[in-house]
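Here it is: the structure, laid out below.
Order as written gives the chain letters A, B and C; numbering starts at 1 within each chain.
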Amino acid sequence: MFLLNVFEIIGTVAFAVSGALVGMQKKLDLFGIVTLAVVTAIGGGIFRDLFIGNTPPTAFMQPKYFLISVGAALCTFICYSKIYKSISIIKNVMLLFDAIGLGVFTALGANIAINHNFDNFFIVVCMGLISGVGGGMIRDILVRDIPLILIKDIYAVASIVGGTVFYYSHSYVSSSLGLYLCFFITFTLRLISIKYNFNLPTTKETRYHM
Amino acid sequence: MFLLNVFEIIGTVAFAVSGALVGMQKKLDLFGIVTLAVVTAIGGGIFRDLFIGNTPPTAFMQPKYFLISVGAALCTFICYSKIYKSISIIKNVMLLFDAIGLGVFTALGANIAINHNFDNFFIVVCMGLISGVGGGMIRDILVRDIPLILIKDIYAVASIVGGTVFYYSHSYVSSSLGLYLCFFITFTLRLISIKYNFNLPTTKETRYHM
Amino acid sequence: MFLLNVFEIIGTVAFAVSGALVGMQKKLDLFGIVTLAVVTAIGGGIFRDLFIGNTPPTAFMQPKYFLISVGAALCTFICYSKIYKSISIIKNVMLLFDAIGLGVFTALGANIAINHNFDNFFIVVCMGLISGVGGGMIRDILVRDIPLILIKDIYAVASIVGGTVFYYSHSYVSSSLGLYLCFFITFTLRLISIKYNFNLPTTKETRYHM
C-alpha cells in the first residue's frame, strides 16, 4: 500500500534524525552518529518483528530502511553546523522528530498486528507501543541516557492512546484514515506533553524529593 | 494449573514492586514508575518466550500481567509515603521483593522448558535463569544501574542451583513440589547472600583494587 | 565442519577474555566477571539465532559455549595478577581479543546466513554484523560504557567489509577460504583502526566540539 510506504519512510527519517542529533550532542564521531541513527530508525521494527515471529526482521531483508537512515543521518550531520544555534534548540528539534517517529511507528505497529490477524485489543496496542518506543529506547540506552519513556509523563501513554483509537476505529473507517488518526493523536499528545514539560521543569525535579 | 497461576501472580507482583521501588529511588514520575514496574514484571517472561520460539509472548496476548503490574506499582506508590523511613530500608525491601521474583520466575521458566519437551538439563536451567534474571536486568539497565547479576555474588548462582534442583527432582516428585523446591532454594540462597553482603560491604569494594 | 568448530571456540574464548578483562577493570567480583564473560561470548550468537528464527538459540541447547566461556574467564582472572602491568596494557589486550572475536563471529554469522539459504547480500552482511558486534554491545551496556560500536571509527565498518567480502567470494572460493578471508579482513581493519585511534586521541575528542 502506497500510504504504508510513505509512513515507513517518514518514520525512518524522523527516528534517524533524532538518533543523529543525540549522537552529535554526545560528540560521537561520524561513524557513531550514523550507527546510532540506523539503530534508532530500525530498532523498534526489529523488536516488533521478533515479537510477532516474523523472522528474519524486514529491516534485515530489505536494505532500503538502512540506506534511508544513513542518508538522513548524513544530511543531519551536514546541516547541523548551519542550523545549530543553541543546545536547547537542538534538543527541541530532536524531541520533535522523536515525536513524529513515535506517532508513525505506533500506527504502523498497530496496523501490522491487525494484518497478522492478532485481532485482540491488547496485542494491537502492545505492538504499536513497541514499534513506537523501541528504537528510541535503544538509542537512549546506547548513549547512557535514561530512556524518554521513563522520564516523560506522556510518552508511552501517547502511544497507548493512539493504538487504542486505531483498534476501535479500524472496523469503522478505512485503514488509511485509521493510520492518520493514530499518528495524529499520538503525535499531538506527545507535542502537548513536550510543551508542558518545558514550562514546568522545576516542579518535576522536586515532586518526589527524598 | 492453579498453582502455576498463583506463582505467576506472586512473581509478577514481586517484580513490579521491585521495579516501582527502584523507580521511586531514581525519582521518576508516576508514569515512569509504573512503566519500570511493568517492564520488570514482564521482561523476563518475554525474553523466555522469545528464546523458546513462543511468539507473540504471552505477556502481549493476555493483559492480566500488565494490569497486575500496574496495580502493584500504584499500591507501592501510594504506600510509599507511609512505609518510607530511610533509603536503606527501601533498598532492603526492594532486594527482598527482587529475591521473591527471582525464585518464582526461575521455577516457572524451568517448568515451561520441561513442558515444551526441552528435556535437557542445560536448557531447563537456562530458561529458569533467563526468566528469573531478565526482568531485573532490564530494570537496572533502564535506570543506568549495573545489573544486580553482575555485582551480587549469589544471584545467577541461586537461580542456577534452583533450576538444577528442579531438573533433577521433576522425574521423582510432583510438578507442584518441584516448583516449591525450586522457589524455596533459589529464594533462600539469595536471602543468605543479601544478608552476607550487607555485613561485609567494605571488603567487597577493595577486593580487586587496582 | 571441523573449521567451524575451531572458529567457534576461538571466538568464544576471545570474547570471554574481553568480557572478563572489562569486568576486572570495573572491579566486579569473580561471579560478576564470569557472568560478563559468558554474556559477551554467547550474546552475539543468541541475537543472531533469534533474528534467523533459530529457537531455542544454540547457546542454550549445548553447554559447551558456556563451559568454554567460564573456563576462559577463570584463566583470565588467574593470569591477571601475573600479566597485569598498567591499565593501558590491559585495555589494549582487551581491544585485541575483542577484535579477534569481532572477526571470527562476523565470519560465522555470515556463513550461517548463507547456510540458511538467505542468499541476499544485505542479510548476509547483517547477520555477520550482529554476530560480530552483539556480544560486545551487551558487555558494554551491562557495565555502563558507551558501546565500542558508537565510539570507534572502524568497528561496524570492519565487520561490514568482512561480510561483503564473504558474500562476494562464497561463489568462487571454498567455504573455508571464505571464512579465513572474512576473519582476516575484519580483524586487520579493526587492528589498523585501534592503532590509529591510539595515535590521535586528542583530535578525536575535540572534533565536534560544541
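Operating definition for what follows: a residue touches a chain if its C-beta (ideal position, glycine included) is under 8 Å from a C-beta of that chain, and two chains touch if they have at least 3 such contacts.
Chains and their UniProt names: A, B, C = Glycine transporter domain-containing protein.
Only a predicted model underlies this, so the values are computations on that prediction, with no experimental measurement involved.
Novice: So that we know how the chains sit together, what is the shape of their touch graph: line, ring, star, complete or other?
Specialist: complete
Novice: Validating interface symmetry: for the copies chain A and chain C, is the fraction of residue numbers used by both over half? Same or different.
Specialist: Here the answer is different, because the shared fraction of interface numbers falls below one half.
Novice: What is the distance in Å between the mean C-alpha positions of chain A and chain C?
Specialist: It comes to 29 Å between the two C-alpha centres.
Novice: Could you check chain A for residues that touch two or more other chains and list them?
Specialist: Each of 50, 53, 141, 144 in chain A touches at least two other chains.
Novice: Considering only the defined contacts, which chain B positions touch chain A in the complex?
Specialist: The contact residues of chain B facing chain A are 23-29, 31-32, 35-36, 46, 50, 53, 55-57, 60-63, 66, 87, 141-144.
Novice: Which residues, counting only chain C, touch chain A once they are in their complex?
Specialist: Chain C reaches chain A through residues 50-53, 118, 120, 122-123, 126-127, 137, 141, 144, 146-147, 149-157, 204-205, 207-210.
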